[in-house]
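Should a chain be cited, it is by its letter among A, B, C, D and E, assigned in written order, with residues numbered from 1 in that chain.
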Amino acid sequence: MAVSWLHRLAGLTPVPVFPALGMGGDVVLRRLAQATNIELVGSPRHASVLLVAGGVQPDLLEALRRVHDQLPWPSSSLWFRCEPLPELEDATRIDDIEALPGALAAIHRELLLQRRGSSPRLLPDNPPNPWEGLGDDGHGGEGMMGGVPYGRPMAMNMHDDIRDGLTLDSLTFRIGPFFPAFPPGMSAEVTVQGDLVQSWTTQSLPHLVALDPVFHDARQRSVPIARLELARVRYHLHRLFHGLRLAGWESAALHVLHLAMRLTSDSRADALRRRLERYGFFYLAALDGGVLEVEQARRVGGPASRAAGLDDDLRSEDANYQRLGFSPVFHNAGDTRARWQQILAEIEQSLQLAKQAAREDLHTQNSVAIETPRGPWSDERCPTDASRLLDEIIPGLEWDSALATIASLDIAALSDWPLVEDKPLTRSEERSS
Amino acid sequence: MILNEMVLPIIVVLAVLVGGAYSVAVMDRVIATRLGAPRAGNPWLSPLTRGAWLLVQQANVTEAPDGRAWRLAPALYLALAATGLALVPWSETLVATDLATSVVLWGSVEALATVVIFLHGWSANAPLALIGAYRYVALGLSYLLISMFVLIGVALPAESLQLTQVVMSQEGLWNVVRQPLGLPLFLVVGLGMTFWGPLNLADSTDLAGGTASEVSGPPRLVWDVARAAMLVAFSGIAASAFLGGWLGPWLSGPLWMVVKMLAVLAVLLWLGRVVPRVAPERCVTGMWVVLLPLAFVDLIWAGVAALWQ
Amino acid sequence: MNHGILVDIAFLLLAVLAVVSGWRVFRTDSMVRASFFLLLSFIAVGAIMLLLAAEYLGVAMFFMMGVEMMVMALFMVMFMMNPAGLNPMVMVHQHRISMGAGVTAFLVLGLMALLTRFPNRPLPAGLEPVASLGHEMLGGSMLIFESAAVVLLATMIGVVVLSSHRGRYGAANEGSLPPGLAPGGDPAGKPKEDQDGGHEHHHHHHH
Amino acid sequence: MVAMSTTIITITRQALLARKEVWMTLVTLLLLAAALIGIGLYGALSQQSFVMLMMGLELMLNGVMLAAVAFWALSGAGAPEGQLLTIIVMAVMAIEMAMGFALVVAVYRGKQADMTEALSELKQ
Amino acid sequence: MELLTLFIILLFALGAGWLVQWLPQRHSSMPTYPQRAPFLGGGSPDTHAWNRYHVRYYPMTLLLIAFEMEMMFMYPWAVVYVEEGLKAVMEMGMFLAILSVGIVYAWREGVFKWQ
């Protein structure tokens, strides 16, 4: 069949990719955000390729099938460091991150030039509940609120409203583990009334977070403080990148990513701070919610606890950090805004430390207990999963401040394996890609 | 006579509708690239390739949508943008709809845009789209008063609600100088009407695309085009109300309009990319408690200036 | 180019639109559709007003009713069971009586319109409807205009008092809050009070 | 039937010759207004819920406004009171709606409060 | 004449908007049920999304209706403002002052916050 000029033209568009992130998959987000011919989209309806990145646990496969089926045709999937589902016979797997943008583009072009068929649907074409022709009015039940018209029951009044006492209907749904605004792997059962979250139950935990190998080395031996601090800055910048993307601020997110990519001990974060402050990130965005009590903050650890007024930082116990004049920075409010301000302040502090340490060539002294960007880490104390905390703090927040709160909290447990971070792009490579 | 009064204006309006939406897409991409977004390829071609892709993509349907309303909403939004554009005067005589109350009709376009955007999110029968729709109504009902105050401000010196009269009243001095608060306030309205950038409460990232989260294929194309066209219509009204419309030396009237509209568009698109999204509650409070009093001040300013002359 | 015939065609189309959409308001299951059918009816009437040279009122009808019907839809959805009409439903009573009353009203008013002879005094040439309305407001009908402000103020206050959940007798949600996490503590999920709020009275807002 | 169509044709021909409206007259406008009022009355009487009843009222006021404008344009020689009357009807509509909905909220909230009180009494 | 032009433009835009949606998809079949389920990142809802939605800003909408009525009076006022001069200033000043009281009161009562 001849391919129409429309399809040819469509093949030239940047590839709209919906990323479904498995274990360790978030690395592709940062790579693809800098690729010139990829557009990362937030809904599978807007995508032509489903990119499954990183290992997906067996209990999340059903959810993955659901997302897979929600891409409108023509669509296909690409599996990055992940074994394709057995049903998808001609699915492509790829492990080299540098080849990823090219592979995505190739799939998209083949799809539109009709050299590759769309992925088959994985789930049977059945409504959630049988309904047609059942019941009094043919909607599967009796009465005005009964039945399952079109396969689903009607929304009902289930919960008293927790904000202003005017009780109307509530919606209960399970969201995640591939919801792009959530930490990868996390899913929750949520009840909302209007756009206010009434109840929140975390169901599957976010994927373990891997740290830069230098932190693992630091537990074994003495490492250069400059390297350690730069790795810390990079970690925080990556988190800020996700937070800013969620705030609908792509240009600032890319600014952060560029900073992270070209990080040296001479880097400065002044321009970043100016940008965040001048364009009103701290005043305009939904940063008012998610206040952590001291006890809750201690459970999360790391910058989140320091944002709630604890000056708990293992670096102050290291002799060489003391030589550098280190003292922990902290904020008191404990809300989302304070957490981002804390992250920004720690980025600046770490850059300062890195610069000084590089000049004096200082190494860490203490390898028993180190402060990772995720929190204190020693044999007794390891950052554990804190996503159950969300069940306590999210109810009562509006949807936007709920999601902003989740983005600002680093709640995943620490992985035993270091991050397989790929080498940062050099300037010339980026030009050529 | 028919040629001059009807056919020509209709052709101009439809051409600007299509060409304007296209140039919005091109400009937005150029601005994004300037701000550091990695985009390859020809910016002139990219709106076309994207349009082609949406045309060949399947149009998604949800389980039990309000099908007709769902398909009607993008078309109606486009029609509202066209109505707005029809009110824009290109020269003293070249104007499609020169009503004595065209300023009020623009106010109606703003009010009805809220209805249409709500309908777009409501019809999908999906939780996230629904939240987007209701959020937008909070914004839509808040910017309306600001816009009306600001536009009444420009009607005072013109002693008329007719857009051509408003332009002619700026013969000596443009309203952007005479009523300095007016244009900045009106630009906020423009971002709100098209839920662009910081005021994108309807189709935001935390809702996976909000009202458009369930939309794919041709309906999404129409929605995107309508949104861009609305931005163009808005810039036309802003240019006429504050930047002296077709007035200006050397160039011909329509050409001046194009230049001024492009300037307004550039500012809007730039604002859309450099400011983070505003929280809905903060947005409503800010509009009523900060911007509305400012619009009052603008009106008083305009009133004093109009009597002074 | 004949003006009259075009106006006639437009009028007839709009009249049909106004009546049909007005009727559909009570014949649809979806509350949102009902509100927007009513809006359509208003828009058709507004357009007829435009044809009658009421340039201001016609256009004002669009924006007033655009907003009012949007709010109408919000409240309809808020307080009606099955707001989208997913299930078939009949929410009518005294159907026949109402039908009779409606038809009678139409017949009586229609006969009055047909049988009464109204003076034929069309708009004077060169009348500026908006300006004449403005002069009237600031001149002869000033009192009406100013009392409208007072009535609207009263409405605003009434609306706030009635709908806001903090009445004079304390929060209306007292007793409907979930129990505290600790005995005597704040209710679960209740957001923190902010410290620097300028209001001295107690409130449950989230900032 | 034939007579009717002949009449329509005659009237339309007159319209074409006279270059003025023959269908949009005061009588037809008032008939349209009467139809809207009739439908509105039906709605207001037949609907069970208060909000739908308000819809009926609004439709009736729609008819009233149309009639007022028709009189103003075709029979009142453009007296400004005609327009003012329409605006006042609109204001009545707005006030009716705002107060109506505020009442609905208050009543709904009140019912709920009653229910919660009753529940807590039962517990004791 | 103006209205006819406007009508034609409206019709064009509406028709184009509808045709672009209808033409490419006129032969396509209904998507499968799993595809039609609302997107929730792999999750699923219990019920239909349409519900008695708790509009958190409802007092603001009622306030807006009352306040917007005032705009009805302001447009004709704007046209005769310069002609009437001081009288217009006085009357509208009074009118606006009365209504501003309403806004200030509403703000103090926290109407613009999410309820």
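Observations, loosely collected:
Heads up, the rule we're going with is that a contact is a pair of C-beta atoms (placed from the backbone, for glycine too) under 8 Å apart; a residue touches a chain by one contact, two chains touch by 3 or more.
All figures in this text were calculated on a predicted structure; none of them were measured in a lab.
Any chain bridging chain B and chain C, meaning touching each of them, is among A, E; the list is complete. Under the contact definition, chain C and chain E share the contacting chains A, B, D. Among the other chains, the CA centroid farthest from that of chain E is the one of A. Chain closest to the overall centre, judged by the mean of its C-alpha atoms against the mean of all protein C-alpha atoms: E. The chain pair with more C-beta contacts between its two chains, of A-B and D-E, is A-B.
The chain with its C-alpha centre at the largest distance from the centre of chain C is A.
If each chain is reduced to the centroid of its CA atoms, chain A and chain D end up 53 Å from each other.
Each chain gets one centre point, the mean of its Cα atoms, and the points for chain A and chain C are 44 Å apart. Distance between chain B and chain E, defined via averaged C-alpha coordinates, is recorded as 14 Å. Between chain A and chain E the centroid-to-centroid distance comes to 34 Å (mean Cα coordinates, whole Å).
Among all residues of chain B, those that touch two or more other chains are 55-56, 58-60, 63-64, 99, 101, 104, 107, 122, 125, 127, 134, 137, 141, 144, 161, 208, 213-214, 217, 280-281.
Residue positions of chain C touching 2 or more other chains, listed in rising order: 3, 51, 56, 60, 63-64, 67-68, 70-71, 74-75, 78-81, 84, 86, 129-130, 133, 135, 137, 148, 152, 155, 159, 163, 165, 172, 176, 206-207. In chain E, the residues that touch at least two other chains are 1, 3-4, 31, 33, 35, 37-41, 45, 48-56, 58, 61-69, 71-73, 75, 78-81, 103, 113-115.
Chain pairs that touch one another are A-B, A-C, A-D, A-E, B-C, B-E, C-D, C-E, D-E. The residues of chain D lying in touch with chain E in their complex are 87, 90-91, 94-95, 97-98, 101-102, 105. For chain C in complex with chain B, the touching residues are 1, 30, 32-33, 36, 39, 55-56, 59-60, 62-63, 66-67, 69-71, 73-74, 84, 86, 128-130. The touching residues of chain E, when paired with chain D in their complex, are 58, 62-63, 65-66, 68-69, 72-73.
For chain A in complex with chain E, the touching residues are 20, 43-45, 60, 63-67, 69-70, 72, 121-128, 149-157, 161, 163-164, 166, 168-180, 182, 187, 193-196, 398.
Chain A meets chain B in the complex at residues 6-7, 9-14, 16, 33-37, 41-43, 45-46, 48, 72-74, 112, 127, 149-152, 171, 173, 179-181, 192, 194-195, 244-252, 254-255, 258, 279-281, 283-288, 398-401, 403-404, 430.
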